[in-house]
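Shared between the two complexes below is chain A, which pairs with chain B and chain C, respectively.
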Partner chain A sequence: MLYAIFGVQTFLQRDLELRNLSLFNRRKGFSYLFQKSLLFPFSISFFLSQGFIYLFLLSSRKSSSPAAIMSSSSPKMITLQSSDGETFEVEEAVAMESRTIKHMIEDDCANSSIPIPNVTSNTLTKVIEYCKKHVEAKSDEEGLKSFDAEFMKIDKDTLYDLLMASNYLDIKSLLDLGCQTVADKIKGKNPEEIRKEFGIKNDFTPEEEEEIRKESPWVFD
Partner chain B sequence: MAMPIIMLEEEDPIYGDMLEEILSRVPLIDLIPTLHVSKSWNQAVHSSLLSRNPPKPWLIIHSQATRHPYATTTRAYDPCSRVWIKMSQPASIKHATALRSSNSNFLYMLSPSKLSFSFDKLNLRWHHVDAPLLWRGDPIVAEVGDSIVVAGGTCDFEDDPLAVEIYSIKNRSWRTCDSMPARLKDSAASTWLSVAATPEKLFVMEKHSGATYWFDLDSNDWSKQFDIRPDQRCFYSVIGCVKERLILVGLIGDVENVEKVKVWEVGCDSDSGSFDRCMETGEMPRLFVEKLESETFGISSINICLAGSFVYIYNPEKVEEVVACELIKGGGCNWGSVHNAVSGGVCGMERVVFTCADVKVEELERALGAENRRFEVVNV
Partner chain C sequence: MAEEPSLPCQPRLLPNPYSNSTPYPNPDQVFPDELTREILLWLPVKSLMRFKCVSKLWLSITLDPSFARAYRRGFRGLLLSDPYFERLAPTKDFFYVSLDGGQISHHLAVEHDGGRSLGYTEIVNGLVCFYYGNYSCLYNVATRESMELPRSEYGHSSATYHLGFDPVDKLYKLLKICPVYSDDDYDGEDLREATWLCNLDYSEILTIGTDASWRRIAPAPREMVERAVCLDGALYWLENRIKNVGGFDGFLIAFHLAQEKFEFVPTPGRRLPYRLPYFGTRLSAITSYPKDGVIYSHGDGGWRVEHRFDMPQEPDHEFCAVGILPDGKVVIYESTGLLYFPSPFYLYDQVEKKLTRIVICRSPSSSSLEQRSKLLFQNDICGYLSYYEENIIPLSYFATPYP
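Let's look at the complex of A and B:
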């Protein structure tokens, strides 16, 4: 492009020179001087403008502003690193489902990969699967409901890990879903069944147990 | 909502804030077993109920068969978890006569020989005392402090229609006192009068005219007539009392076409005994007014029961829809509706009585334990 401008400018100059020659032939004196004096600032301004154009192009190419990047078609990717070293590349929109990560991106701390120290790769895979689905199918309520129901068909340990992860990453919808699933496991059970389900140790002393037996015998049904 | 996470091998897998968050999603009735799982769970349940998910007053529906042996089914609605719970009655409670309710959680049955009543929240304990001197068919009965006031509703021609008798629970005896104001001569029955009670006063309002009186238990005096309806277009109103607040609910328009249902809070100055202000708390949205309209009768009457910050409003002609009004601190209210499959319909084979109670987890525990009741979550 610069060459083109240079070429045009040269051509114009030559054209002007030729014109000046013809003028020179026709008449001398003041008019000739006038033409020449016009030519001089004209070419100077031309050179200057080219310089400015060149500098502008140079600076815009080198800058890393989002405007320049967004003009390309692929979405921005964020890298997440689990506690056991595995990395996951996710779209920014998917990563932003986590408020913790969203704040990091907004505070501009997310240039290289984001470490997630409390979450293993297995759990992080599930979390990303959840977030992806919820970003993709945002308006499809029915579809999301059935997805959530299927998604929660997991074993206890995975469920607890998911709960901890969604708490740390601050993903409200996943936390709500997980908590409700566990709450549903509590409903309709007596204390012994609840202890078995959650692996809780009964820390009431024998005397306290006796008190309970007297006041609420149904506990031992 | 960042909570500290410490991974310890020996600890329970779920504890602390996470456990409380989970427990706040468990219905109150299912929380009772969790109190006995372990000490930390017991603490977590109480903390969760205090801060995350405080219980809301239950709407309790008693359906009594109109034929001997007058079997009664009791179902309660928990607005927090939106579940219906069937409460079993022990065989020892015999409902020999018509069950009635008054002032939100007072249930009573009156026969010529006996007055049976219950005033605890879940109506688990019944008291049986001798009937008042005068035989009454449809009196107003209310618990005022530790006395039961029975007024009006006399059946015999010779009896004073305005007679009032008071039963002292402490002394286990009846006494008579001044009759009701003469103006109420033709309407001295629970069909025509709405009652509300504080520990010291009984408020009585004529549902159609709005004429209101109060009776002071200490001085045994009836007040002069008050007209506390703020809107002249109000043709029917009822009163109720919760936590010393007097609530007035009125129908505006006319019997053929009820335009609005409004809720007011009425202030009563305890020194002068007069009603000093009437503030509009809210107006029922049109959607809910239409739910209360029965096909044949529109809304010719309403009744309310209140507890905590909830006012449940229903049309006795259409008991399957109840509108809940939650009074917000500082003014205003939230509206919701409760649909129940328990209807007095079925050609009037059942008598449906509503009560309302601010049920706490301790009361539920006692009901399950000492009182040996069974609660069962039903799909209604």
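Let's look at the complex of A and C:
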């Protein structure tokens, strides 16, 4: 379009020059100068309008690019939806703590709200609280340690739900923290208590179980 | 789920790990299988062994070698044990020292039948071999599991075994030094008396888990009675000789586990007594004479000075550096010749140049150890000192396939 304007302008200029020539041929002197002086502001105005049109096009192109939005100061928010329909708005950096969500964002499929069908709103609130703290206080090791210790002072059901959620959402640090807490709680138990705790069915025959127990008698003291 | 028609890709639900997997055999099960495995990785060894009988799944997880390799929660620290030469006792006592508290973690006594006292090899990656004559067995210190290894023809009681690990092929090899005595009736306790009668024609080697029988290889340059240090795929012994003119001249005897060959490596020189650390990550030599400690490390066929530090100074006390931990700290021992309790050890941090003292407390049954520690060795720790990490690999991993 720019070139079109330029083309029209040169055409008009040439046209004017040709006319000037014919004028020049017919009458010299003042009328010729008068024509020339008229030409000058005419071409100037053309150049100026060209410039304005160019700037206008440039700015309109810029504003339609999504990159301009990202470089602005406010962080991008991601919407998460729990299994019971509640929505949570979190900063993108916080949501990216979950590798599962991170892959979704990177594949550019996360423009609308992300459903998390296996996690209830209570658990999701806790998960978001954890991720937020770990993004905010990333370099503060001592602070994070005490936060983690406090964070894990929860009842068993919440702990198990949190563990399942962190496994599903692939948040390694929360998964490790949860597994460590569960391991510390169960390490002193005997096998029967473990089966009851985790709803595990004993698929050994009594003879098989006795065989295994006999291998390491020292662990049962 | 609402989607905008202008999106270029197919919107999809988050992957649901439960929808495609086989349904739980038991719907009451709280955790899926992979989460169970994650929890088990955080248990201490004793609990892990106890929970083997919970269900077939739990048993299969603990017996999986990749689980053993991923396991990181085992004890890490120093391990002290009885002196080699003490063969009278039927039990072997291992004392553990955790490095943060300096306390004995627990005391393990290893019993075996036959009543005969067994010798034991170097402790490599938490595994050790007990032996006598042509009997040998592999033992995992953490899980206390033992497995007998094939026997060879050479059955003389003066055979010494040495365990090494080749990190390139990830194989454990057992080297057997077979001295042949012209005086075959000699069966005394002090092997040093018998050396001048000894001939070495061959050595034998067994690749644990692969070889069904022992193989003969080139003989060792001398009888290797003392334990080696296993570093970087080779076994090293130190030969310190006092020169007549004064000063020391020593060399190292190396056995490369991959090539299965012996080699001589000169020490850094300069007529100083060098010490081969009992443990480390690569071959080093340490001098602590007269006042400052120097660590030399070996690479590209030569030695170079890696670090200089000040040894602790105390009147009437001698200190010697005995090993380098994986994090680079140097373990220093007060060498008055006796391993007594509380034993003073020092940890020297090369980076921060700080010396901290750790103390091993008295164990309940250390009285017998005190008796035995009357055997003194010049500038040496009475007993075997090693850096130890618990390894839960099941010994079934090393079972030889049928020929």
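We take it that the second predicted complex is superposed on the first by the 123 of 221 C-alpha atoms of A that agree within 3 Å, B and C clash if a C-alpha of one lies under 4 Å from a C-alpha of the other, contacts with A are read in each partner's own complex, and residues count from 1 in each chain.
By our rule, a contact is a pair of C-beta atoms (placed from the backbone, for glycine too) under 8 Å apart; a residue touches a chain by one contact, two chains touch by 3 or more.
Treat the numbers as computed from the prediction; the structure is a model and nothing was measured.
Asks: Just chain B (first), just chain C (second), both, or neither: which does A:Ser216 touch?
Replies: both
Asks: Can A:Tyr168 be said to touch chain B (first), chain C (second), both, or neither?
Replies: A:Tyr168 sits against chain B and chain C alike.
Asks: Examine A:Arg195 and indicate which partner it touches, taking first as chain B and second as chain C; both and neither are also allowed.
Replies: The answer is both, since A:Arg195 touches chain B and chain C.
Asks: After the superposition on A, what does A:Gly85 contact: first (chain B), second (chain C), both or neither?
Replies: It touches nothing on chain B or chain C.
Asks: On chain A, which partner touches more residues: chain B or chain C?
Replies: Result: the larger residue contact count on chain A belongs to C.
Asks: In the superposed arrangement, which partner chain does A:Cys179 touch: chain B (first), chain C (second), both, or neither?
Replies: Touch status of A:Cys179: both partners.
Asks: Touch test for A:Lys187: chain B only (first), chain C only (second), both, or neither?
Replies: In the superposition, A:Lys187 contacts both chain B and chain C.
Asks: What is the contact status of A:Tyr160 with respect to chain B (first) and chain C (second): first, second, both, or neither?
Replies: Touch status of A:Tyr160: both partners.
Asks: Tell me which partner A:Phe204 touches in the superposition: chain B (first), chain C (second), both or neither.
Replies: Both chain B and chain C are touched by A:Phe204.
Asks: Would you mind listing the overlap between the chain B footprint and the chain C footprint on chain A?
Replies: Common interface on chain A, chain B vs chain C: 100, 118, 160, 163-164, 167-168, 175, 179-180, 182-183, 186-188, 190-191, 194-195, 198-204, 212, 215-216, 218-219.
Asks: Touching residues of chain B toward chain A in the complex: what are they?
Replies: 1-3, 5, 12-14, 18, 21-23, 25-27, 30, 33-34, 36-41, 365, 368-370, 372, 377
Asks: Inside the complex, what are the residues of chain A that reach chain C?
Replies: Counting only chain A, the residues touching chain C are 100-101, 104, 107-109, 111-112, 114-118, 160, 163-164, 167-168, 175-176, 179-180, 182-184, 186-188, 190-191, 194-195, 197-204, 209, 212-213, 215-216, 218-220.
Asks: Touching residues of chain A toward chain B in the complex: what are they?
Replies: 100, 118, 156, 160, 163-164, 167-168, 170, 172, 175, 179-180, 182-183, 186-191, 194-195, 198-204, 212, 215-219
Asks: In the complex of these two chains, what residues of chain C are touching chain A?
Replies: 1-4, 7-18, 25-26, 28-32, 34-36, 38-44, 46-47, 49-59, 143-145
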